[in-house]
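Data block below; observations after.
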Amino acid sequence: MMDLSQAKLEDFRERLNLCLNCAACFYRGPIVPHNWRELPPPEWQAPSKKCPSFEYYRFRSHTALGRLTLAALVWRKDFPISDDLIKILYTCAGCNMCNEICQTFLPLHSILALREEVVERGIALPEPLPEMNAGIKEFHNIFGRKAKAKTPEKLPAEGEDMYFAGCYANYRLPKTATATIRVLKAAGINIASLGENERCCGFLARWSGNRAQAEKSARYNVEAMKKAGAKRVILSCAHGYHMWKNDYPRYVGQLPFEVIHVTELLAKLLEEGKIAFRHEINGKITYHDPCFLGRHGKVYEQPRKVLKSIPGLELVEMERCGKWSYCCGAGAKVILNCYPDFARAVAKERLREAQQAADTLVTACPVCFEHLKKTADQEAIRLKVRDLPTLAAEAMGIEW
Amino acid sequence: MMDLSQAKLEDFRERLNLCLNCAACFYRGPIVPHNWRELPPPEWQAPSKKCPSFEYYRFRSHTALGRLTLAALVWRKDFPISDDLIKILYTCAGCNMCNEICQTFLPLHSILALREEVVERGIALPEPLPEMNAGIKEFHNIFGRKAKAKTPEKLPAEGEDMYFAGCYANYRLPKTATATIRVLKAAGINIASLGENERCCGFLARWSGNRAQAEKSARYNVEAMKKAGAKRVILSCAHGYHMWKNDYPRYVGQLPFEVIHVTELLAKLLEEGKIAFRHEINGKITYHDPCFLGRHGKVYEQPRKVLKSIPGLELVEMERCGKWSYCCGAGAKVILNCYPDFARAVAKERLREAQQAADTLVTACPVCFEHLKKTADQEAIRLKVRDLPTLAAEAMGIEW
Amino acid sequence: MDLMTELKEIIGTERVSDSAAICQAYSYSCFLGMNWVRKPDVVVIAETPEQVSRILRLANHHKVPVTPRGAAGQGGHGGPLQGGILLDLTPMEKIILIDTENMKAVAEAGCSFFKLSQELFKHGLMLPTAEYGPGPNVAASAITPVNAFGKTRYGRNIDLVEGFEAVLPDGEIITVGSMAYADKDFGPFYRYITGPDLVGLFTQSNGAFGIVTKVAYRCLKRSPHWAFHSYYWPLSRIEEVKQTLLEGTALEMFDVHVNDKYKYAGLEYIKLLPPLPEDCHFIVYFTVNAETGEELSIKEKAVHDLAQKYGGKLLPGLAESFFAIWPTFFCPVSNPIASAISRVVLDVVKGNYMYIYDSLTYPTSWFPRVYQKLMEVGKKYDIWESPRFAVFDGFAMKSQVMCSQTWAFVDYNDEYWVGQIQKCRDEFREWFGERGGVFQSMLPPLTPDYTWTNQPGAHQLLRIIKRALDPNNILSPGSF
Amino acid sequence: MDLMTELKEIIGTERVSDSAAICQAYSYSCFLGMNWVRKPDVVVIAETPEQVSRILRLANHHKVPVTPRGAAGQGGHGGPLQGGILLDLTPMEKIILIDTENMKAVAEAGCSFFKLSQELFKHGLMLPTAEYGPGPNVAASAITPVNAFGKTRYGRNIDLVEGFEAVLPDGEIITVGSMAYADKDFGPFYRYITGPDLVGLFTQSNGAFGIVTKVAYRCLKRSPHWAFHSYYWPLSRIEEVKQTLLEGTALEMFDVHVNDKYKYAGLEYIKLLPPLPEDCHFIVYFTVNAETGEELSIKEKAVHDLAQKYGGKLLPGLAESFFAIWPTFFCPVSNPIASAISRVVLDVVKGNYMYIYDSLTYPTSWFPRVYQKLMEVGKKYDIWESPRFAVFDGFAMKSQVMCSQTWAFVDYNDEYWVGQIQKCRDEFREWFGERGGVFQSMLPPLTPDYTWTNQPGAHQLLRIIKRALDPNNILSPGSF
């Protein structure tokens, strides 16, 4: 069976117009067992609202089903890549919910393949993607900053355990990086980093359809890690994690090191008794699964394990959680940058959902964290937003 | 509880407009048990077609229900006794089926009461009823014959067992009388008769609505029988039997003698071993219950007992039999005389029904017998029609 | 040519009459004691759809109303609301088809349920109707908005109707629902043919959209095993009675029926029944059926458990013995006991029963409130207890709907009591209609305004369709 | 003002679009492989009946067609047959009422069965539908003439519909059936309010008479006990299969389903199922439910006895294991096994399934003759067996009606095989239609003439009503 995750648009030729219009990818469901014996098992029980772009735009076009239909027509040359189409294409949040549901057609892959087609044809991307892609190419970060990446703590440039902070932690959320590094050090890990030589993982390039740049980023970073002697690359950012873990091997072949998200590592260290949480953190806390850690990365249990180990902390779940978690609105950073109103609306919905369950929301991705925190502040939503590494540090009594 | 059979029109005041329009008196039914457990018991299982005037005229007016409605209106003075109404009123065959079904309202009694109202008001009756009533009054027979009644065999004028032949046997069917007399003599009964002094029983007067004449007839005949020393009055005619048995007591009080139909007597003689049938009569024979012997007189079993005792004879039933038997068309002699087409149509239907079951039809009333036989001949229906007394005589080897 | 001549040309002289006496017999049922009398100008006895068609064309030409009528008053047509032509369909009573395998029956409009059912029984089939009387006929029970009760699990008779042949006001003979395919190899096999359902347009229509000439029913298998059980409750336990009705219906029992003790007034009076227990006010009957004795036992247990759960006490034998005579109780056929009872009732009340409400339809959950209101107004107008006995008779139907009748015993000629009943009815109707209650009556002018004010949209739609189909308003004028 | 400006005034700028790409996503489903594409000129997302009403008034003014659409293709609206306005009703998905006591549910038109059912389950209720997918919504399943399968004992979804709120072509918002009383104390309690039934006019109408905005359903109690059993027969025993279906339906089993072995082609291929027995061709599934374990056992025994009587052999576990994955088999939700199967099927046939007949409706007694004809034409056009497998999937419904689908696996882009299927379909249709078979399809132009030639009277009546209600022919033009 072909691995559709590696497919390009033309690989979907035989599938694109086969969508049955069942609407499971965006509508209410998916489905319950035929036997009425019991309510659907939790793994089948998708939430009512699941596709952010459908919920926001409400047009059938703005769903996996609609995009698949349009992709089929583009492939058949029955439809041009018009401005309309571009907007429909890039308002997909990339949250992977549709792929989770429709494992036959993996509609998100068609969407990404169509984005690559857009770039290949040299058609203009939505603002500010062209600029951001240029920034990645020129300055190696998504913010277009000329300053080089800067890990907050001075770390060795080589080592077996290499920390890859990513653009967010490097440029915008140094506390996340600091907390992560101090916690890992406390666990006795000789943490190292590429430091100024760390470059953007290429995630945004990939999700823009700019496969060439994504591959270029991959080649550079993997080569640098090899040189640094990495046995393990530790990531803070869920987007970076997904890129390193799932896309890099497609671009450069099997990686000679392990790729691990910091939440996975913390869970492991707890299990091994290498760290322990001795400081109480009181309150009802709910965990927001970042799409690229959860549905894309299948990391659901470890962050919860970490949180549950903190004394005083009551972990509660939101209505939509785990594999059925809802996007934070950042939408593979594309939504966040191109359609900020949409991004804010989704974040608000997610924050309100968290508010129903808890007084603090914790997430494990700097992108989700920043977007949710900022929205909570802007919208004056009374909910604390935290990121997991700083919470771990606090529970260990580590300053950051 | 009041005996409605003695009632006059005004006695129905409180009931006339209470008919529920259930249609059981003429339509398909009556009704089945609520429980679906089984088909209706035979005593509930009325035939589909049961009201001759409804089946012939098809108007709702020509049913017990319709006539009851009209009677109510006449009583309320909301409707005149018009020619229309007269025709509706006198096309009732008097077969008693509606009373059998609707024992609450006994609609036939309302109809008869309304006929009396017609006569009381001096309104003209349908032809030839006026003439026939005049004949009864003047010549004491329904045929208007000047000749006196003549019993075919010379019989004593007095005795305990008095044979009352009736107009039909006296004037038209001497063989029936002869056979009856000879059979009874063979049984050792000292049969006597009023002979020339026998007068019409008054049945037709009664069914014309001419209650005065009917009562007059009753008084004469009862007085004559008393004088003759009757302990038992034996009748050949079902109409006469009904008149003697059920109406005379209403007119003159309790009778000092028994009233018995010849079929009842034959059954009794058979049981007592006083007669026996030694001559085979082969064939499939069906018995037609005369309305006035059956439903009016409740004599169902005895004639069948007589027939079953005849060697060789296979007694079979028509679809409609016993209490659900269908009129022969003579219709209390009113139909026969006033509406011969209707009478013939009903007889044809009954004959065809008999034809389905048997090759010979036997009845026990000279009126039914003559009407059915004549119709079979006229319509060339291949069915033998017999009367029970001659059949009994044949089975006993008696000539008549 | 005049109308009579033309009619006689179509039908033959013997089956057309303008005799006053004949027409009078077709006037609107006098039974209801409503002092409502409308009689037709002509009665025509039709035997074929083609005759009906020609008559309707003629009626359109002369702009004369046409009213169809079957045999019986109850569940049959009530007679004309205006004069015109009365179309007597009783001769159209043939059974056209009994398809044992596909469990279908088709009969002409005037065929009685009795006749059809007798035939179905022979084929191992049945219709779950309470309309087994001789008169109610297959079309009338479908097109009149009254009284065509079925059985709890299956609903009313119209739930079983699958198709019609009908003659439209313009004389066109059409077939809808399963009847559209009656002349094909497959026969009349299904109500929901492609496209919207048009069967419903003719049900409860009083014939306003066309004269129904044939009806197709779906039938059921006639189960070999049956059981009947009845339980009683005091008046104070009305909420428990309600729960019993709701759950019995939810469990899809064959039939769940409820009435109050007044139904037995006559039976007690002549001591046919021992007196009901002191604390008996409501009686709920269950009918269950099954394929095997074992299955029946389980269903009987379910009935018993349900009654127990809500404190109902067994009334042994009542259901059996009552149902054995019930069908003949007020429809007095050849059953001497039943007739005797009826006559006693007549003697005692010097009258007969008269519907106060025929019929009321409301959610089963409202049974207590409706009953209490009935009691309130019944007492106010002194018709609640002996000797008038406002008898409550409720059919719990699938879909948690109660269809109930209430009647009292009065002399129709007694203006005082008839007036009391009418006042009682009016007062109740106001309360009931405001809450969304549905009135069903044979006679639209007697249906209160709530019928249409509660459903103005539907009424408007009906009138648009009526105008389109019957521009001369010849069919049941006055209905819409 | 032009149409767009006016629409935006009604709806707001964000919910109206004439973008080609957006409109394209609402074009008639490409899934059927019919090369039938019609796209709307404008898409409007309506949220309230009042908006729908204003849009219809506007459409009448401009004489522009309006087509409603829910979420899903199957059982949803198929898209416009002509351009005009596409009315997307997906935001109208509120559950308005769940009345546990009276067992009613009311939801807005776009509410999915999944959503409604999930809520009903919590109240101990259920809807006996096969439409538990995420997309099929409560209105679409009632108004499209396709696919809205229910369960044997209860019939199709439309058998459970009790009322509608609808917007007539002229913009009037009306309520029919039980919904006429939705705003009263009694609530939407009964379909058969006084007067003719108008609910049926909207069912299977493709929205031609009005845009349905709310639907009222009656619900059932969700039984605590369920059992599933399947039995098989060889091809030569088709008459016995027929008898089993007929009797299972007559016994009112909860569900009776039949298909042929080709349905398991994919499952066998990836060895998820052991190979079916050599002599297995037809498989009949029974679903029974009960209140108690004891009652369930008896019903299971009845199922077994019935299968035994006609020589069916038990296929242990098939019903359970198959039904556990079935709903996700071709509607590939989050179930890895099911998805894997679907993908294998895709890989093997380089395509997906395509309906040959969706759906056929005929008397259950005709099942053998219909199946044999399907086999004859299927073989003739070489789509009967591997790898195209003309899969037979039959829903035995109450009223002894078989609703069956047949599909084959083809690459929609392969003109040869698509052509074979079309030829096969045409040949079968002629045979089937002449016998009175009913075709159901989402798309009236694809429905053969038999649909109307078999029921000319009904068609004529529909057109009269259509002209009266929709003189500008704005709703689903082309349907009637």
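Going by the order they are written in, the chains are A, B, C and D; count residues from 1 in each one.
In this section, contacts are C-beta pairs under 8 Å (C-beta built on N, C-alpha and C of every residue); 3 or more make two chains touch, one makes a residue touch a chain.
In this text, all values refer to a predicted model and were calculated from it rather than measured experimentally.
Minimum number of contact steps separating chain A from chain C: 2. In terms of the distance between Cα centroids, chain C is separated most widely from A.
Once the centre of each chain is set as its mean CA position, chain B and chain D turn out to be 67 Å apart. If you average the CA atoms of chain C and of chain D, the two centres end up 34 Å from each other. One inter-chain figure worth recording: chain A and chain B are separated by 103 Å, centre to centre, where each centre is the mean of the chain's CA atoms. Taking the mean of the C-alpha atoms as each chain's centre, chain B and chain C sit 38 Å apart. Within chain A, no positions touching two or more other chains are listed. Residue positions of chain C with contacts to 2 or more other chains are absent.
A linear topology is adopted by the chain contact network, the touching chains following one after another without closure.
Taken in their complex, chain D has these residues touching chain A: 15, 17, 19-22, 24-27, 29-31, 33, 43, 45, 69, 71-74, 76, 88, 90-91, 93, 111-112, 114-115, 117-118, 121, 126, 130, 132-135, 222-223, 226, 228, 287, 289, 320, 323-324, 326-328, 330-336, 339-340, 342-344, 346-347, 350-352, 411-413.
Within the complex formed with chain C, the residues of chain D that make contact are 101-104, 145, 156, 158, 162, 168, 172-176, 180-181, 184-187, 189-205, 208-209, 218, 220-221, 246, 250-251, 291-292, 294-295, 298-299, 302, 361-366, 398-401, 434-440, 447, 451, 454-462, 464-465, 467-469, 480. On the chain B side of its complex with chain C, the touching residues are 1-2, 14-15, 17-24, 26-37, 39, 43-44, 46, 48, 58-61, 65-66, 69-70, 72-73, 79, 82, 84-85, 87-88, 100-105, 323.
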